[in-house]
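Below: a set of structures, written as structure tokens.
Common to both upcoming complexes is chain A, partnered first by chain B, then by chain C.
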Partner chain A sequence: MNINKYPEIKSGGKLIKKIYVAVMLWIVGRAIQAASRVDREVKEEFGRLSDDFMMHLHVLPSGPGMIVGKDKNGKVKYMGWNPKGKKITLDMKVKNIEGAMLMFTFQESTCVASANNRLAVSGNVPDTMAFIRILNIVETYLLPKIITSFAVKRYPKWSQMSPMRKYAGRVLVYVRTFTF
Partner chain B sequence: MQIPDYFKFFNKTRIVSGKKSLENIPYELQSMDAVKPLVITDKRSVDEGLVKILIDAYGDSGLVIGAVFDGVTAYTSAKTVLDAARLFRARGCDSIISIGGESCAFAAKALNLLVSHKTEDLLQFDSLPDNMHLCPFIVIPTSDSSGRETSTRSVIDGRIYESDELMPDIAVIDPRMLKKRGKAETILPALRAMAEAVEACTEDAANPMNDSFAFASIQLICENLAAAVNGGSVKSVLGLANGIAISGIVWSNAPEGIGSALAEELAVRTGNSRELCAAVLLPHTLDYKLKNTKKSVRGELLLPVAGIDRYCAAAETERGLLGVEAVFEIVKGMNKYIPVTLKELNIPRYILESTAEAVEDSFAKQYGKGGALMILESAYNGERVSGGKK
Partner chain C sequence: MQIPGYYEFCNKVKTVSGHNALDKLPEMLASVNSVKPMIITDRGVNGAGLIEPVKKALGAKVKAGGIYDDVPADSDVKTVKDIAAKYRAAKCDSIIAVGGGSVLDTAKGVNILVSENSDNLMNFVGFGALKRRLKPLIAVPTTSGTGSEMTLVAVIADHERDVKMLFPSLFLLPDFAVLDSRMTKTLPAALTAFTAMDAMTHACEAYTCLSKNPLSDSTAVMAIKLISENIMQGVKKPGDMQARLALANASALAGMSFSNSMVGMIHAIGHSIGAICHVPHGVCMSVLLPYGLEYNLHKTGHLTGELLFPLKGAEAYNSAKAEERPLLTIKAIREMNSDLRKATGGKHPTCLKEIVDRDGNMMVPREVLSDIALLSLNDGAMVYNPEDLDYKDALMVLEKAWEGEPLDRKKIKKGKKTSLVKVKD
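So, the complex of A and B:
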């Protein structure tokens, strides 16, 4: 048998998909930081988390990713993508870039993605659930209703988020996300 | 629910099924400390682009596929396995992925024996222990799958190798790998898988664990078969593939029944496929059990075969009979695409007698003398089994 007939196959790259997910993670990371200053509910959720809370959401095996955590003053900050030198308390891994694409193109909500075994988490379950709730609120601010309803388990009712809070919050979150 | 005095159930295979499930393979392999698999497949899977789909799914994983060995044929020989083993060693692989039907899975299981025991002699594996340490092994069923991929068995050169450890670690069922086939090609493996699952839960030794797998398999096949045959949705094709994959686990945990023994023997003697023989014999075997055995057919069978509405509407004492009738309906409903009697297969009657004789000894105690022939006779004409209770 001629072994050379059967060459090794190196896995290719998926650069465009990685760039898309990287941009989405950057926006979501910045928006979480902004929402923690604008939205009372997000503020309260973060308030219940430990002072050293540091969450790393990334795509296996080699990124992209985002880190959101509390700084020394207890303020929530987007801390970039590199986990080097940071003490991660909640590590959320999307198992592959295709899973991340399904999540960030809103074909699958975070809950459905978890149910479909696309995520692996190391850390506290209550912290994870709190973070998912924060993510849902941030997505409600960032995206129009028709898209958000695909991305979250239940779109908030009027009684949970009034139009006033939603639209004013949306403007503030966008401004803070893209300015400072 | 039936529970015997003593039973055991073993399943090593994790099923990962659904959209983009192939993309999980690098993660799953790494979690088993493996980074370089050998892909073992046949020419058909390569021609249909299935291997390319797997390679694309590997994109961005940073891992390397050791090689794609596409030399498996419908009849799996020791030479093929040996070639694959040499390639595995030359490329320094540490795991195996099989794409395709049972011949590819059988070759992959035998390959696993060779490379894990660092030998080139398959004949040394006379009897296999149930505690071997084998390489990580993933099966990717395609539309050619028969269910045996997830079983404990491998058949190489007509020789059977059987061990619990031969079950794959993971079966990845991705809709992209389930290409459209001809109607008969879709029906036959599904009916054979159903026959095996039905037989497993109508045996005296049926246990609750295996029953739950068998019922899942039967239900998935019954619910999705018609839709999948008529070019139905991705969901129905995926459901059918899951039902077939689960039947392999069921089959591995059940003793051989008279139906599969007859189908096997008939296939050897007539040259017809095992799938076809199993499909033709399935309702008649059940009918015989219903009318001529002490325990009859369990009423619970009606639930996965006919659904909750018909199950609830039936009186408890009628459920066994209605279950058998529902199986008849399903098989006869496929008569447009496949033969459903032995007469249509042009099998001469003297073969029926010799087949019955060959099987009779093993099952005479359980089903009485002449039982095997009675099943074959009724399958010949497509008539219901005579005698016994109604």
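So, the complex of A and C:
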């Protein structure tokens, strides 16, 4: 059998959904980088991760995706979408675009998506847990409470995140996400 | 009942249950073309004479490639590597694991190394790391608790880093599970008690955590019913073979259930206690079960309430109002722990401070609770818990479980309340 006669068929269609998820992944990726400079808790979470930490969150079978990891100086960076040439230590795959839509329209939290078998993760479990915690904090900064409440199990109480930290952090995360 | 929008359920373990189920071993091996199995067990099991029925069942037709009987109570990566080397040297072609959770999980770890021809278990940590079918594995449980004979997970400790590593893969499901009542007959009362409560915890968490589904629910409910009906008989009358077989089946059912719906905070905290203090897993589960259900009441109170039916029967369930059932379920589990403490002459703990080693030394000193709380946040089971836990929450649960006091539910930071029944704080 000549395998070349049977080329890999890339999934087409659902272009609008793919564009929406791609934009959301870009924003979330940039916001994680921003939050790692702004928020003490996110900084500490990344501090506990290994120096070669590199996370690839992508949608099967053919994207979109985003990569966030530590650079040579240990700084957290959004590193685009292409995993070529990068050593991924945590690979989080959303099994299809519909699952990604549920996650990125915030109808399902990361935990519920995992529970509903929409995610496949390869990598260290503690790293996965740390990344989920980071994602929850970043979503709290990016979105209003009414939407974040769907995306996380428990919206942070005052004792966990003071209004001062939340609103000042939100401004700084937005500025850094969309500027530099 | 709410059906999940999407779920997956897989159990392809052939289960052989009976008072002489082991006699089928040669047929099982023949069906997977194995002629030289390796027997993996521990000294306790071997010393209790439980390998004899296995050898007798194999008879002259099958010659075991070796017996490794040195699996420690809390198996680790080093042991797995040792056994894999012996397996290769003896040119074995399958594994018969005879023992409790540690032995079965160790055997799964060994199976990864010998099937993947690797020496580094770390390469296979996490979901999706295993890509192909492994060597045949026959699981013969000698405790009725872990349900490891039915699960797709192996938990193996790395003592150097003080963590328990999770290896989840469909390829880790054993080919056969042999539930033979003779294999648990010699289990001491205290071990019978906490291993059965381990199975109870699997079933309760499977029924109340985020990944529950109708198939896992049905096996969980049956497991709880079998345990509640047989646990005291199994502890008080060790020779009751019907009770032994019922508990072995309950453990397998609970294993089937949680393997497909995962578990939550009770396991996350319990794994961490095990990793830091080396407390047997079932002991941690017995103590923590009521606390986990209590913590999640505002999210899953209605589900906890439904468990009163398999726990206490139709009469107790029907005579209670819907909003009373969740707390009655928790009360019933606490009473079960107290009854087991009495029946085992004080060996079954009801709180963390009562857990002692063979010399009577406290195994979970209060000073380590903060380390346990921190470690538990990185356990994968936290994902499936209905309510979120941060460090302070985990520490609060641990402090109450240490003292043996119920949680002060007013102090629980609550997310969106999703329980269909209102449970008073």
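Everything below uses one rule, namely that the second predicted complex is superposed on the first by the 168 of 180 C-alpha atoms of A that agree within 3 Å, B and C clash if a C-alpha of one lies under 4 Å from a C-alpha of the other, contacts with A are read in each partner's own complex, and residues count from 1 in each chain.
Just so we're on the same page, a contact is a pair of C-beta atoms (placed from the backbone, for glycine too) under 8 Å apart; a residue touches a chain by one contact, two chains touch by 3 or more.
Remember, it's a predicted structure, so these values are computed and weren't measured experimentally.
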{"item": "Partner chain(s) touched by A:Ile3 [first = chain B, second = chain C, both, neither]", "value": "first"}
{"item": "Partner chain(s) touched by A:Ser50 [first = chain B, second = chain C, both, neither]", "value": "neither"}
{"item": "Chain B versus chain C as contact partner of A:Asn116, first or second or both or neither", "value": "both"}
{"item": "Contacts of A:Val152 with chain B and chain C, given as first, second, both or neither", "value": "second"}
{"item": "First, second, both or neither for A:Gln160, with chain B first and chain C second", "value": "second"}
{"item": "Which superposed partner A:Ser62 touches (first chain B, second chain C, both, neither)", "value": "first"}
{"item": "Which superposed partner A:Ile132 touches (first chain B, second chain C, both, neither)", "value": "second"}
{"item": "Partner chain in contact with A:Ile97 - chain B first, chain C second, else both or neither", "value": "first"}
{"item": "Which superposed partner A:Asn124 touches (first chain B, second chain C, both, neither)", "value": "second"}
{"item": "Residues of chain A that lie at the interface with chain B and also at the interface with chain C", "value": "116-118, 120"}
{"item": "Residues of chain A that touch chain C when the two form their complex", "value": "91, 93, 110-112, 114-118, 120-126, 128-130, 132-133, 149, 152-155, 157, 159-160"}
{"item": "Residues on chain C engaged by chain A in the complex (per definition of touch)", "value": "4-8, 125-129, 163, 165-166, 209-211, 262, 377-380, 382-384, 386-388, 390, 413-416"}
{"item": "Contact set on chain B toward chain A in their complex", "value": "16, 18-20, 23-24, 26-27, 30, 55-69, 83, 86-87, 90-91"}
{"item": "Footprint of chain B on chain A - complex, ascending", "value": "1, 3, 6-14, 17-18, 60-62, 95-99, 102, 116-118, 120"}
